[in-house]
Amino acid sequence: MNEAWLQSLVTANAQEGWDLAVKLSRMGVKVTQPSAEARDRLRAIYAEDADSLIAASHVVAINFQTVAAANNYWRK
Amino acid sequence: MNEAWLQSLVTANAQEGWDLAVKLSRMGVKVTQPSAEARDRLRAIYAEDADSLIAASHVVAINFQTVAAANNYWRK
Amino acid sequence: MNEAWLQSLVTANAQEGWDLAVKLSRMGVKVTQPSAEARDRLRAIYAEDADSLIAASHVVAINFQTVAAANNYWRK
Amino acid sequence: MNEAWLQSLVTANAQEGWDLAVKLSRMGVKVTQPSAEARDRLRAIYAEDADSLIAASHVVAINFQTVAAANNYWRK
Amino acid sequence: MNEAWLQSLVTANAQEGWDLAVKLSRMGVKVTQPSAEARDRLRAIYAEDADSLIAASHVVAINFQTVAAANNYWRK
Amino acid sequence: MNEAWLQSLVTANAQEGWDLAVKLSRMGVKVTQPSAEARDRLRAIYAEDADSLIAASHVVAINFQTVAAANNYWRK
């Protein structure tokens, strides 16, 4: 929780914003389960569970809302 | 996660915005489960589960909020 | 997913906006389960499940946020 | 779904806004389960289930966001 | 549902805003389960259930979004 | 619920905003389960449950939306 891994919400384009939303979602898991070994083990299970995958997509969608707003939706 | 599949959140109209929201929701699953074979297998199951379908609709709704805001709701 | 069923998010009044939010929620299910027969079958089940009904109401609420914002909340 | 029960999102004060959010949440259930008898029966069950109650509170919270924004948060 | 317990969303500071968000979350439960005895009984159960606690925190977070926006985030 | 632990939503940078979102999420649990012993015991369980971890990440994402908006997304 104390490492500085988040420099900015501003990204060069929508694609990078999406990738950042995925990163935020994963860091939200890591803050509760810091063990990479445990996370890898659990991912192998939930990657085969439709409801878990939908729930994971949901979290990315919420974080993408934040990143997209931060970037004024990358409008030209 | 590194392919550039998202060019822009701006769409020509509300219908295309909806379709983009569906795509974002699916990419949110794909980022965790990259195997198309696994996703197809799982979809066959959750397409017959009411709660899973409602959860999937929920994710589309969240992503549609983002896309709609990005397009100023396609107001004329 | 390719049919153009969504013309606009702008509605004449709040009531029509609500009805559109319900439609969006159902289309979010239809995009995953295109079979009307399957959806009818599943609805008979989840209409008798309190948690499913609350989840369905949740999705309508999210979509209504989008439609209401698109219409500036139908303020006079 | 075709009855006009929603006249406006504008309310006289925060309390009435909250009451409207509760109404919207219930109408989101009614649109899927139109039978008052069935809804009463189900409510007796989920009113004794902590997770269902939390989920119901969640839906009210989402609808309250919409109503509060529509009223500029009843700021003076 | 008819008692006037909500006077305003404006609070003196962020802390009071948070406390109001907690109150809104609890009132969202109370509107479905008016019995204090039943709510106390259920809380004893869900206070020992991690998923219920996370779900309760989720509702507070949603309500806090509303209260924080109402107060312009208590920016100076 | 009556301790003043939340001074402000304004943070020096995005990283501190994220950390605050994590804190808000945990305080949302603490308000229902005040016992540190109970929370530690429960965390040991849900840290090994993929769905719980995703749900926890979801709450952080919601709170991060609030904190990020409060800080105008730390745009320069």
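Read from first to last, the chains carry the letters A, B, C, D, E and F; within each, the first residue is number 1.
Please note the rule applied: a contact is a pair of C-beta atoms (placed from the backbone, for glycine too) under 8 Å apart; a residue touches a chain by one contact, two chains touch by 3 or more.
Fair warning: this is a prediction, and the values are worked out from it, not measured in the lab.
Chains that count as touching both chain A and chain C, per the definition above, are B. Steps from chain A to chain D, taking the shortest chain of touch contacts, total 3. Because chain D and chain E carry the same sequence, their contact can be compared by residue number, and under half of the numbers here are used by both. Overlaying chain B on chain F by C-alpha atoms takes a rotation of 120 degrees, rounded in steps of 5. Chain centre most remote from that of chain A: D (centre = mean of CA atoms). Of all chains, the one whose CA centroid is most distant from that of chain F is C. Inter-chain spacing, taken between the CA centroids of chain B and chain D, is 27 Å. Between the Cα centres of chain A and chain B there is a gap of 15 Å.
Of all residues in chain C, those that touch two or more other chains are 43, 46, 49, 51, 55-56, 58, 62, 65, 69. In terms of inter-chain touching, the protein chains here make up one closed cycle, each touching precisely two others. Think of the chains as beads on a loop: from chain C toward chain D, the beads read C, D, E, F, A, B. On the chain E side of its complex with chain D, the touching residues are 1-2, 4-10, 24-29, 31-33, 38-39, 42-43, 45-46, 49, 51-52, 55-56, 58-59, 62-63, 65-66, 69-70. Note for the complex: chain B touches chain C at residues 14-15, 18-19, 22, 43, 46-51, 53-58, 60-62, 64-65, 68-69, 73-76.
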